[in-house]
Structures are given as structure tokens and as C-alpha cells.
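Labels run A, B, C and D following the written order; every chain starts at residue 1.
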């Protein structure tokens, strides 16, 4: 197995210079193209790492998986999917157009920004502070860590420059899709996006999904089996922005990427995977991350298809 | 002439019950369907009125004409049209879609909300307060009145519920089309929309346009000839929401309607017209207002075509 | 007056090299950038010409004015506008998108391809041959010519390569907007677009419109006053593709351009204008033609606003 | 196992009356709502059937799977995916809009009409006749049948009324996406859609996919392993129109439905499935078919997630 892990890392290192770090959030522009790494956790909790597997980064859209799981645990699937569809869309992650064209009663899916903001708005809690605390605690349970926190600089940077997300949220407010105080929900959403983690952490989340909700180390149930399965399915059809279809063909596992450079993968019944590389391709996915996942998938036969 | 004025009023009164007052701004829902009236001012300042010609209402989108004129006077046409196009659009007045689809460098025209907000953001003034004061003073010059003010209830109502405009403004902020503080610009825009006037007031604005910028009573020049001409042209192609084409064929004069029930018209070289009737048709234009303008146009041969 | 005409021609000649001849119809690509000319006809039939005023070209979209007039004469305005709206649109002339997004019951206006094809389908006649003969005869009446014909090479070229128009027509067939045999209507439309004329011919059509339907030479009524007025109005709001608004501000007269390089203008109560220059600007309008019209409008005070 | 099969059939029978047969192709409107059935084939070729499992129907969009497999075998994946993407889209199966908005170089995926027509145009063969013969022969190999034919009535009905597909094809021709003679490709496409099969036939195709390309009875390789895997992946993300995401969550297997009422499913490593019921839900999928697949999936644990 070692030889496959080394090979995958090398492939990631090789392609990383072809990508570019995200710049639309000023703080993210500080990422280093040469940071590349990954972690693999099997369902007994054994961890295999290569490269910068313990370097922290902001999880960004990967947190859409976390809040979807939490909302499902909080409210159940019937309630959650009253507020958001589960259909893939060819539109960009921040598209408003389809709301105007199709006047839908709910966003397409929980992996695009509109859907994720609606899911975030569903999280239980009296106040914004209680909600973010619950999200952080739940993230800790998934990662097997005592304490999870968010990066304040990135959070403030997103809050200050997130005009497109603000536009999207007010649009949904105007059509009645979004309930509650828009600025509070946006604030919560920006905090959530700024949650810090590393490859080991997200590999652990992936392992929870791969084992249908059982934590691989403590062997405790963290989420219901059905919720794990639903989330893996939605990750497969919608997890990699508008490259989800191509990624499914090339790699064949449920995965969710974030603009911070991380990708969370789950190989059902076998592994959780966390990969990292802040240089992104044109679709907004980690260029090294995708290369490494495809390499691992080929050599270790990950595909579910 | 009297017979034509009486006839026009009667037609307005007859159709008014077929329309509905705007409800999307809670305060506007209080308008009375039976309020119908108009005023005609010739270029010597003689005023002809019928019905509720002196009842105040909020000018709403009619103020797009006022701020466009002020921006032109403040900055000149070159500068203003660097920030907004002058093309008609078949899209609704509050559409965001075309921004996402076409990624334009500026809004279509100053008569849709997006363009009007950009025009408002161009008005000279150190602070929001100074800007609204200048808009109110300029409105007074156009109306021949000492004091013009805005309706505070309507302003607060729009500010509280204007999520779609807020979404539009943040979208333009995110693409760089809108400069400056979005909340300040929205605040100014909501104040501007709430400016109070009656048929006599807007007939006077129409007369200034009809006489190419000369005030019909004081005979002073209020705006440059070219600016009056530009604004009349844009009113003709874009003034009546997505019924502008039909209205041009039916009535044939530059006009601008507002969701408060008013319509401002200018018959080049002859009259300014102000009509009122809060019951709207499906396109958002005063149903009695349009009927009366068409009746007057036929009997008094208004058309410019 | 001579000095203004010379000046206008010079301006046209100067800008012509900045444009490009249309290439999407192979035959049109043969046009010469240096061909520039115009004709002005007053309402007594006096003709003023400069440059290549008698060189023939295919009228292309200018024929939308001809068939709209004929359809109005054939069926009356009520009937015609049951099948097509009269609203300007910011969409390109060959757009299908709005049909899918808005599912309208009829096309936006008769000056875009969709609307023009529907208008063409309304022309009276048992067969395609009879219909084109009627269109050609009616064109002759408007131009004051015995015989009008269409360019066979251009017709065949359009028929062979007009896939976008074919797509548009079948789309309208699928939604029920277009009645009748699609291939026949397309064939007729391609013939119509290929009608030949020169500046003198289209100045004469413009003069008929400018005089509300009376032929300036024969003094016979060619079309009803109301139909002339309707067509002038629609030309003003929709005649110059998505530069109609800008042209209205800059020149201020009803006009219709064609991709063959011609522009038809009507100065109500004064002149008909025909201009020509096959080099087009980015919006598809004759670059020299627009420049000359604006120059003439400024010097001879054409604007209707 | 019998009990689960009986239960599934019963569920299908129960919901069938809630759907409606397709009417947009006149011939399809003749389908009977009460026809419900399915077939399951394991990888040793054992067949389990219930209800109307041997009643023939036109495969319609299920043939998109067949031609994609054939094109992959003919040309290889590199070549095929030069002409079509593999991304899911939230747009309807017959959407043109995204072509105009996004001006893509190729259609979204081979499971929407645009993509399927492009795939069909790639099939090897000198003439239309040779191409359809090759498609029929290849269908026979997948179904394990000597002779496969298409329904002439349905073919002619589609050819006569398929204006939307014709519009789509000419649009792609106009942008250069579609090569070759449009009418020939459409003709081929309409023949392909009219291919006849029953549940047993499509279960057999499903079994070929489930076994990665090996025919379950003859044990011969029919398609390459990689091609089977690619097609299963694309079926999962795009196979059930704009209900693909919901179906993936509810059932969790690669599947492709057709408007004739059939659904083809593949349970990797285990079964091929063919279900039938001409009454469709609002998304265009067989209402009984989906119900039966979900029932089978739950009881026999089909899901790949």
C-alpha cells in the first residue's frame, strides 16, 4: 500500500503548481501552492498520512456536509427536505438566476450556497451563538477532537466581502424561501465556512460516513445510518461543484470539496479520506486533491460503480 | 377642451375598479382604488385639473426621472452613462437574472431598479443626508414648490421589506457595478421612492421636460436642453416597465409610472401631464392613469410619432 | 443643406473602415467596406443623395417593416397583435432563451427574428409563391418601383446556413406560437430577407411612413395612417437591435437597420431616409449608417423628442 | 425473495393510477395505465419476473444508454467525451436555454436530449440505414436477442411532432456542436427512441452493466469494463431526468428511465433490473416503476451508497 500512497502524493505535488489559490476571499489568497497532503483512515481507526496532513486550513464548503448531517440529526430527513431539494444542478454554486427563472419553493440541493444557507438556518439553537457552538461541538464529534474552532481572520474577511452570498440570501428572503434574520444567518454561515481542520480531521469525518455513522475509533454511533447514506448520495451527485459528474466517473466516491483546498471523501465500508492542496482548478476544486483521489481510487479500487 | 378632460376622467373612474393597489410595500396597500385624477400644465404654466389632482401620493419610480436629471446636471451625460446603459429590456423591473447571464458592466437603463440605484449612488453629496436634501431641493425646483418631503411611514416600510432591492444592490456590489456603501445607497433609494407629490406637481415636472428644461411659470432654465431630451427619450423606450412598447403605440408620449399610482407625462412643446390612480394593472402601471393618458392623447393628438 | 449632406457622407466614409461586413451569411461577406451612401426624400418627393445611393443591397431586417405594414393592411392591428407583442427586449435578435424562460404566448415584438417570422406567416396568400409575390408587389408600392426582386444567391445562402432561425421557428412550432408549415415559412422569410433595394428605395419607404401613409410622389395613400404610426413607434423602441435605446437618444427618429448594411429612417412630417454601408458595428448596425444619421439629425434637427 | 417481489409489484399496481401516460407523442398516449411489471436478472442469468414483464414498449430515453455504450465501443471514451460533457444539470431534458446562456462547446451530458443526439451522431456507419442497423444489432447483443426492431408508428409519430428536438438539433448545428446532416441525425434519433423491448430485455442490459460488461448468460464480454462503469456512473448522476438526485437518495442504483414507461437499473455485482409502467409522474418517470425499484432496493438492499 505504501507505494500507492507515495505515488499519489507525488502526483499531487506535480500538478499543484498548475492551480491557483482562491482570491475572492482575501484571507484565502495567503495559501501556499506547495502545501499538499492527505490522510486515509480505515474503519478500525488506522491512519495513513502523507505530506502536509496535519496543516490546518478552513474547511469552507466541506462544512456543508457537517451542517447537513447536524440538521438531519436535529430535525429528521422529512423536515430538512421540506426546505431544500436534493437535485444536482449544472449552475454555478452561487447562482441566483435559477431562482428567478424557475421560482422554486426551495434551493436545488444542500451543496450549493443557497441550499447550504437554508440548511444552516435550520440548525437548532436559541441564538446565533448557541447555533455556532452546536455546529463546532458536532464537528468535534465527527472529527474525534475535543475542540474545534473557526478562523477569525477568514470569518471577518468573508463577512466583509461576501456580497454575492448576501445577495443570494436576501433574494431567498424576498421569495419567502429563507426564514429568520438574514444577517444572523449569514454571520453563522461565514463562521461555519471558516471552521479549521486538517486532512486527519476530515478523513475522520469521511470514516464516519464510510461506516454508516459509527465513529471508527470510539465505535460510537455519531449519526444515524440513513443520514450517513443520504449525505454520501448527495455528495456523489452534487459534491464537487459543476465537476461532480466528471469526478464521479474519474474517481467514483462520495466527496465534497472546499475552496480552502480540502476535499472530504468516503469509500463506503472501507475508508475515510482527507486531502489538501490550496491550489484550485477552474471549477474551484483542489487540483492536487483531485489528482491524488483519482490516483488512490485507481490503485486501491475505490469506485462504488 | 373641457369636454375631453371630463371624458378622460370618466374613463379613468370607470376602469379603476379593475385594478389593484400595490401590496408588496405594506404602506402602499392603504391606497384607495377610487382616487383618480389628473393635471395638465401648458408651457405658459396654465393648469387644468380633474378629480383628485391635489391628493398626495408617493412618487416611487417616477423619482427615477428626477434623480436621472439631477445626476445628469451633477456629472454630465458622459459620466452618467459610464455607469448605466440606456437600452430597453424585456425583463421585469427588479430582475437579477440578466446580470448573471450577461455579466454586463452596467445595468440596462436608469428606469429599472438596478439602474436607478446606480444613478442614485452617483448623486453628489458628502453624506447620505446631504444627498437626500439635494434630491428633495431639486425635486422642489422641478415642481415649483418651496418644500418637498418624503413619507416616513412608506420609507420605513420599504426599508424593512425591500429584500429584493437589497439582493439586487448586493449583487451589483459583488460584481463591482455598484460603488460605495450598499446600505447607505439603499437607504437613500428608499427615501427617494417615498417622495410625496400630487398630479399638479408631476405635471409641472412634465412641463419642464416638454419645454426642454425651462420652468413654465418662472421661465427659468431648470435643466439643460440636452438632458431634458435624453430623459424624454429614455422615458419613451423604458418608462412604463414591460408595457413601454404597448404604451408608446397606444399613447405615444414620454412617460414614467410609479407603483404609488402616479404617471408623469411630457408632450414635447405642449404639455406636462400628471395622472393618478393607485389601482394598478398587471404590469404595475396605474390602470386609470393609462386609460386617461390614452384618452387625452387621442382627443388632443399627443403622439410624437 | 448641401454642406450638411456632404459633412454627413464624409463622417460615414471616415468610420466605415472601423466596422466589419456580416459573415454569418456567406454571400453577405462579399460586401465592400468602402461602399457608403445615403438618400433623403422630402414629402414632396424631392430626393437628395450622396455616395453609393443607388447601389443595390439585400434589405434583410429592414423587410420586417415591410411585412409588418403588409400584415397590418391585410389583417388589421387587432389580429396582428394577437400573434406578436410590441415590447422592446434587451435580448439579442435571435434569442430563444426567453421563450423557454417565460413561456410567452407570442414573441416580444415584430422587429426580432421570432416576431418577424410570425408576422411573415400571417401574410395572406394561398401558397408560398403567392405570398412572396404579394410581399414583392407591396414592396414596390412602398418604394415607388415597378419591379422588386430578391437576390437568389443570398436567399440560397441564408436557406442553407440559417440553422439558428430554423431552430427558433421549430421552437415556436413546438409551443404552438407558430402555425403552418415551418419550412415554407422559413423559405418565405429567407426570400423576404433577400429583397434587393438601394438608399433611394428605402428613403421612399421612409417618406411613406413620415407622411403617415401617403406616397410622396404619387400622393396616393399606400397604408393607413394608424398603421404608419404604429410601425414608426415600434421602430423607435425596437428597430436598432439592442442599440435601439442608445440610437433613440443619439438620433431620435424611428429607424430600422438590416445586416446587409442599410438603415431605413423616417422623420415624421419631413423626410424619409435611406442610408447604406455594409460595415457593421458590434450590435449589427451599419457603422457608417448610424454615424451619418446622427450627423444629419444634429444638423437638420430630426429628433422627435 | 418471492415475498419481496410480490410486494414490489403490488406497490407498483397501487400507485400506477396516480400517474399519466405521456401524450406529447400521440402514439404513446395509447399506453395503458394498468400495465405494470418487472424483471430481475442475476449475474448467472436467472430471471425473476412479475406482472407484464414481457409486454413490449418503446424504450425511448433508455436507448440513450445503448447508444452511449455503442459510441464508447466505437470510438473510445476520449473521443466521445470530446463531444459531450458528463455533468448533471438541473435543467429539463429538452432545454435549449443553457446553450444560449452559457454557449458551451458541448452538451451537459449524454442523458439529456441534446447530448443523446450528439452521441447518436457519432455512431459509426456510412449511411443512416447502416447506423440504425448497427444500433439494432448492438441492442440485440445487450438484450441477448436475435432480432430487435423499432416501432414504426411511434417513429413516424415522433418524426412528425418532434419540433422541440428539431429546434434543439438546429440550435446545436448553428453553434457548430452538431456535425452532419441534421435531418438524418434526427431521423436516426427518432428510430432509436422507438426501439421495442420489454422488462426482460432491459433487465438483461442491466445485468451486462452490473457484471461490468459480461453477458450473464453467454458469459461473453459485450462491452469493456471501463465503459460499463462510466455508463453506470452517468446513469446515477443524470439518469432520471431532474429527479436523479432524489432517486439516488431513495433507491441508490444506476438507472435510466424512458417516457415509454420503462426503467433500466443495474445493481453492481448483483442484478440487472427492468421495470415497466406507462403512467408517468410529473418529472416524466414511470410512477409505478420508481415505486417498485425503491421497494426492491429497500428489501434487497440494492443501494451502492
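Here, contacts are C-beta pairs under 8 Å (C-beta built on N, C-alpha and C of every residue); 3 or more make two chains touch, one makes a residue touch a chain.
Small disclaimer: the values here were computed from a predicted structure and weren't measured.
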Where chain A and chain B overlap in contact partners, by chain label: none
Interface residue identity across copies chain A, chain D - same or different by half: same
Distance from chain D to chain A - Cα centre to Cα centre, in angstrom: 32
Mean-CA-position distance for chain C and chain A (Å): 55
Multi-chain contact sites of chain A, meaning residues that touch two or more partners: 101
Contact set on chain B toward chain A in their complex: 95-97, 100-101, 163-164, 166-171, 173-174, 182
In the complex with chain C, residue positions of chain B that touch it: 85-91, 97-98, 101, 108-109, 229-230, 232-234, 236-238, 242-246, 248-249, 252, 254, 268, 303-305
